[in-house]
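Please go over the structures that come below.
The same subunit A turns up in both complexes below, where it pairs with subunit B and then with subunit C.
== the complex of A and B ==
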């Protein structure tokens, strides 16, 4: 079905152009269609590997495994569980997030050393995730509801025609002021440039290893993040990603953290 | 040395359970842990009890988790232990977790040793009562002993009910003659009395309701059983402390409101301890500045206060101001520092913990504990000359 999305967008674009639709409206339509093409996964599990690389080329490994639950409420965000495996000193730690579209998320952390579940502040969605160049905010960066959009035209990227979209976060605690991204004809994000709170170019995320899951949903299995200010980079890989496997909704509640931990 | 609660029968029960379930499905398990050599220097010389100025110790923790019956059941062992150079009372092995859990849709059943934490505060955890504190490890009581229990948990959209039955009581460990810090006298393990005629076989009981309502995390709890904190009284003939464990009936409430970078916390208990009724409340505020000075580092400020209407309670009118600085760097460097003060007297203490990862499986810890001016009537006066610096290096496996 998604194969027709491209045509659909072309028609939309054509139609809206001819009816003098604004660049903001075209941008929003493309972003919305792109986001909706990633929906319907119901739930998912995956192993995630991060390679943190400093400017000298030194590498550090991080490993987590994740579970996600899609939220069918059009005004709310998904739920996720992160199980920390490496570095070994955080093994056994589990984080539960109930994400919200333009508000702080709800987050709880299970700390095995104290046998304690803590509700933590989440107004820092833009902080470094496990010392990497990716932030929590970036994981939901394709959610069109979080941004105002503007269509900037077409641009060739790696031999393909892409839509160039500018977006501005609506969330007041966002770490960014602006993003400029390229979305290809299959509505897959290919790269996004992020501008920091001062308006300077901060980093670029390249979305790579696109894979079609369950014959329906494209996911990029690699995020390559390059920080232009400190020259660090992060390679973030998803492995063994499985969709629609019938996870228990109750696993995504605070009371399940201890049962899922130790 | 170890007060051992696992009778052979219970152990066999667990092993039978484990192998009975595991030979049907492939054994899916996780195991991890660490060993941690530690070395302390006491900077006030020999101190009040003429003790060694140096101490080395080896601490370790191991966790084994086996997922059974396609995730419907779980078996966990988590043990901590220490070998201490100077103090035999500090050398111990404890099964913090040794439990079997089974999950139905809304109901979870659990039998065995478990650590259960109640409450929201960083420093004054007055609601937390299920587990005995290992005071030999840590006079703040953050290290717990595994509590044998059978528990049932019932979860609904409007909250969770937990019921705990605790058939065996664990006496509080204190540091021995060579332990630092230590009390004025040793605690006599042969002179322990209980209000309950069943003594340590008294069936303790606890109930908790907890819920998340948007920004609020709330808990209501009731506990009836042997108080985890004994009354210590010096015995003139043995020159040791006799301990008495009264029966405690305690109702508690804990609430945390999470409003962006602000956390508001409150805990309160009303309790009947032996024949005496008392009221206690503790709470505070935590605020975090994110990305200070355009770096990745965060600075949290914590202010907490505890009130207790018992004048003789060591924590009846105390405050703490703490700072938590997380660099959010590759080494996860962080510093936690706290200044504790008695608002009625002049006593104060300073504590700080710095930690930094060395590489993937090594982490360095540096702790400072400084006692300032302490009133000689204060409970902590006996620790006054035990200011220390401690270095720890954890090797994870």
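== the complex of A and C ==
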């Protein structure tokens, strides 16, 4: 299956030039293909470790675990649960997200110390996630539909030929003005540079430790984020990632959080 | 070994090798001057502090934890009415969006992007405080105003209490060593555009970056405004004193040859072009002018008396070589004392003057006589009109010496009695009170917000995640309340406020929950929730460290002076010691806290420098005069002008700034110099066995005129600095001019009277 999709892309790429499509169209096609190559996971669980490193090398550790549920409706986004484990004070905190393609995400939060579930709506989640250099926006940014695209050509990266894609956020509250990313021939993102609102390079996310899950889907198990403006960095690691394990869809509803509060 | 013989031989050699001398001098001057390209543009207020200064270290410490402290602020003030009008809010909204594009901006906070939480049961909505401005009704505008005035982190931070002025605050993350030119240029451009587009709304630029940029801008404007006019003044002055076009031209050439390598040497040492350095050329120029006029006026009058040109200049050099050397030397020693202070900008200025003193001496005894021989110089043959006046003054002093002494003593005693009312203080916020743009900003901001400056305090819990501990948060809140109860403080923001607001919002928005929960986990969970609900640049990273062990208090200050600031700093330390328990804090930190200490340490250093300079100068006087009696007599005319100057100062103000102290160091070498000339001549008259009357007349004849000439040059030069737009420059100039003037009066009236009474050892 992998080989087929690879060949398919090769043909597509070949076609890009032969049919003289615009760079925008080529960019969109690659982004779409790349996104679709990560689909079909059905559901997943993982443990995530975040290491925040300041310019002096001091480290702070955050640990969370996550569950994801793929949304088969192509016009809507996936659902996810995040369980906060470390630091200890936030242990037991759970966040449920229903992402949407064309609308603000729905988010519910269970705070164990408060014993209540709160629905949080905020139109803008470009802020730092748990004090790291990564934001919610960066996770949802993996959905190609939230951006306009432009193909910039090919570039060698770590000995491999990659597609260089520029993308511009469609939503006005983004913390970025553009991103420039490299996607390899297996359609895996290798690195993305983020440009801030004044057009300066803000940070780069390097996608590393790519693993082929269930013989079908590549996931990068390490995100290395380097902020070029304040010299902080974050290492975000996925561990024990499992796909298609038959999670209960009901776990991804508000009612399951409410049960925690009882 | 007679100095006069050496000088005669030396000058003969110079004028017989004039082409070689001039060529060599020009090559060396050009070499030194080429260093000008290494002069550095300054990094604002940071160039005014030494890196190891404690309060500056405190700032660096805070910046390492929470990012740079520099801000750039758009000040928005409708010409009539309040901020809550649609067109005004739209301007704020547009400026907010634009501010993200300001070079080096890392955060932007304004009324429109303020993250406001609304609560509906368990539904929490966090969004921009103001959006869809077009659709707002009058009632909604009024509601917004009332809501805004209830927000602790809005009032006095981005909205004035009166609702008449609002800020868009930009946090700048400019790497140390890079100036604020780019962000300021951006802001000034927007300011211009917005003022043109919205004639009924006043937009201007404030913030510490704008303040900092003033250093650079006043240095530039001082240079462009003062130098050309000063040049004209010097041309006029040298013509009046020499009454010869070619001699004036000659002195101008020597002056420029002295200034260029001085600034070049400053460049080789990688000095920064700050306002103090701008005055160095003017001081060097006056010294060089005085040298040239001393030498040329005697040479010209020798020619009037029928001497050959070469003989005239050699004779003049014989008389002037030592005085010119002594002036340069004592000036250099005096000014070098400024290095005992701790403001690099002033030490750099002083060192440039030291170079200038050295270059001007060397050039005056080499290039000046060489060029003199090459230029077609003629005197107009008129006799000096000042000499008969000085003769009359000599008669007057001889008759009324006791009256003169009594009169000057009484004035001195009166003025001394005023001096104790003076005290050391400084107001760094008054530095740029002559920069119109800045004054405009300052008036608006100080009236509405207290001051445009923030200060900070750090509070360390001592453990990872310690700031979520209720005890810590309560102590933090106590600290903030105590600070707010102090006169110097307008308002304080801490993460305790964030927690209180969150607690209220998470409990259906009930006011009774506006408090710090007694549950550490809950506080931690609140922070967690808050942090992933806010947009880019709105997180709490500038308020707490990543491991949540420390947090920062943001304090809006009222305007205050140095003494108040140091007192507040001490008071805070005291409170911390008595109340903070196991939590650590370095106390208040920031530009308004740092400067007063820099001044204090600087003033202490300068006083040490004064002792150093004065000590060396006394030794020089002793060696030159080889007489204890004259040494003692010389103390009077060397000290009295300074005492008088401070007495006069106390008639106008009670505040002595460090510029007044720097003035002593710059003037002392120049003042001492005149008395040395007078005393040397008087001693010579004693050796010649002249009567006291004749001895005094001899002094007036041979040194009276040069002293007047030099003093007039120096007086005009320093007076000229009054035009500077940088406070310390004009204070320095005014003070030096006053000292020079008083010294001239003392040298011409008091010193001869004293010499008539105590000076004649043969009787």
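Keep in mind that, in the parts below, the second predicted complex is superposed on the first by the 256 of 262 C-alpha atoms of A that agree within 3 Å, B and C clash if a C-alpha of one lies under 4 Å from a C-alpha of the other, contacts with A are read in each partner's own complex, and residues count from 1 in each chain.
We adopt the following convention: contacts are C-beta pairs under 8 Å (C-beta built on N, C-alpha and C of every residue); 3 or more make two chains touch, one makes a residue touch a chain.
None of the values given here were measured: they were computed from a predicted structure.
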item: Simultaneous placement of subunit C and subunit B on subunit A, clash or fit; value: clash
item: Per-residue touch tally on subunit A - higher for subunit B or for subunit C; value: C
item: Contacts of A:143 with subunit B and subunit C, given as first, second, both or neither; value: neither
item: Touched partner set for A:185, first subunit B, second subunit C, both or neither; value: neither
item: Subunit B versus subunit C as contact partner of A:23, first or second or both or neither; value: neither
item: Touched partner set for A:208, first subunit B, second subunit C, both or neither; value: neither
item: Partner chain(s) touched by A:52 [first = subunit B, second = subunit C, both, neither]; value: both
item: Partner chain in contact with A:114 - subunit B first, subunit C second, else both or neither; value: both
item: Which superposed partner A:255 touches (first subunit B, second subunit C, both, neither); value: first
item: Which of subunit B and subunit C A:128 touches, first, second, both or neither; value: both
item: Which superposed partner A:70 touches (first subunit B, second subunit C, both, neither); value: neither
item: Clash-bearing segment of subunit B relative to subunit C, given 225-233, 279-287 or 369-377; value: 279-287
item: Touching both subunit C and subunit B, counted on subunit A across the two superposed complexes; value: 52, 54, 60, 87-91, 112, 114, 116-117, 119-121, 123-124, 126-128, 131, 173, 175
item: Subunit C contact footprint on subunit A (complex, rising order); value: 52, 54, 56, 58, 60, 84, 87-91, 93, 95, 109, 111-114, 116-131, 135-137, 173-175, 196-199, 229-230, 232
item: Of subunit A, residues touching subunit B in the complex; value: 52, 54, 60-61, 86-92, 104, 106, 112, 114-117, 119-121, 123-124, 126-128, 131, 173, 175, 250, 253-255, 259, 262
item: Subunit B - residues contacting subunit A, complex; value: 32, 34, 63, 65, 74, 76, 78, 96-97, 101, 103, 105, 108, 115-117, 120, 142, 144, 153, 155, 160, 210, 212, 217, 256, 258, 260-263, 286, 288, 290-291, 296, 298, 328-332, 357, 360-361, 363, 394, 396-397
item: Subunit C residues touching subunit A - in the complex, by the definition given at the top; value: 64, 67, 100-103, 105-106, 122-128, 173, 464-465, 468, 506, 517, 519-526, 528-529, 531-539, 541, 546-548
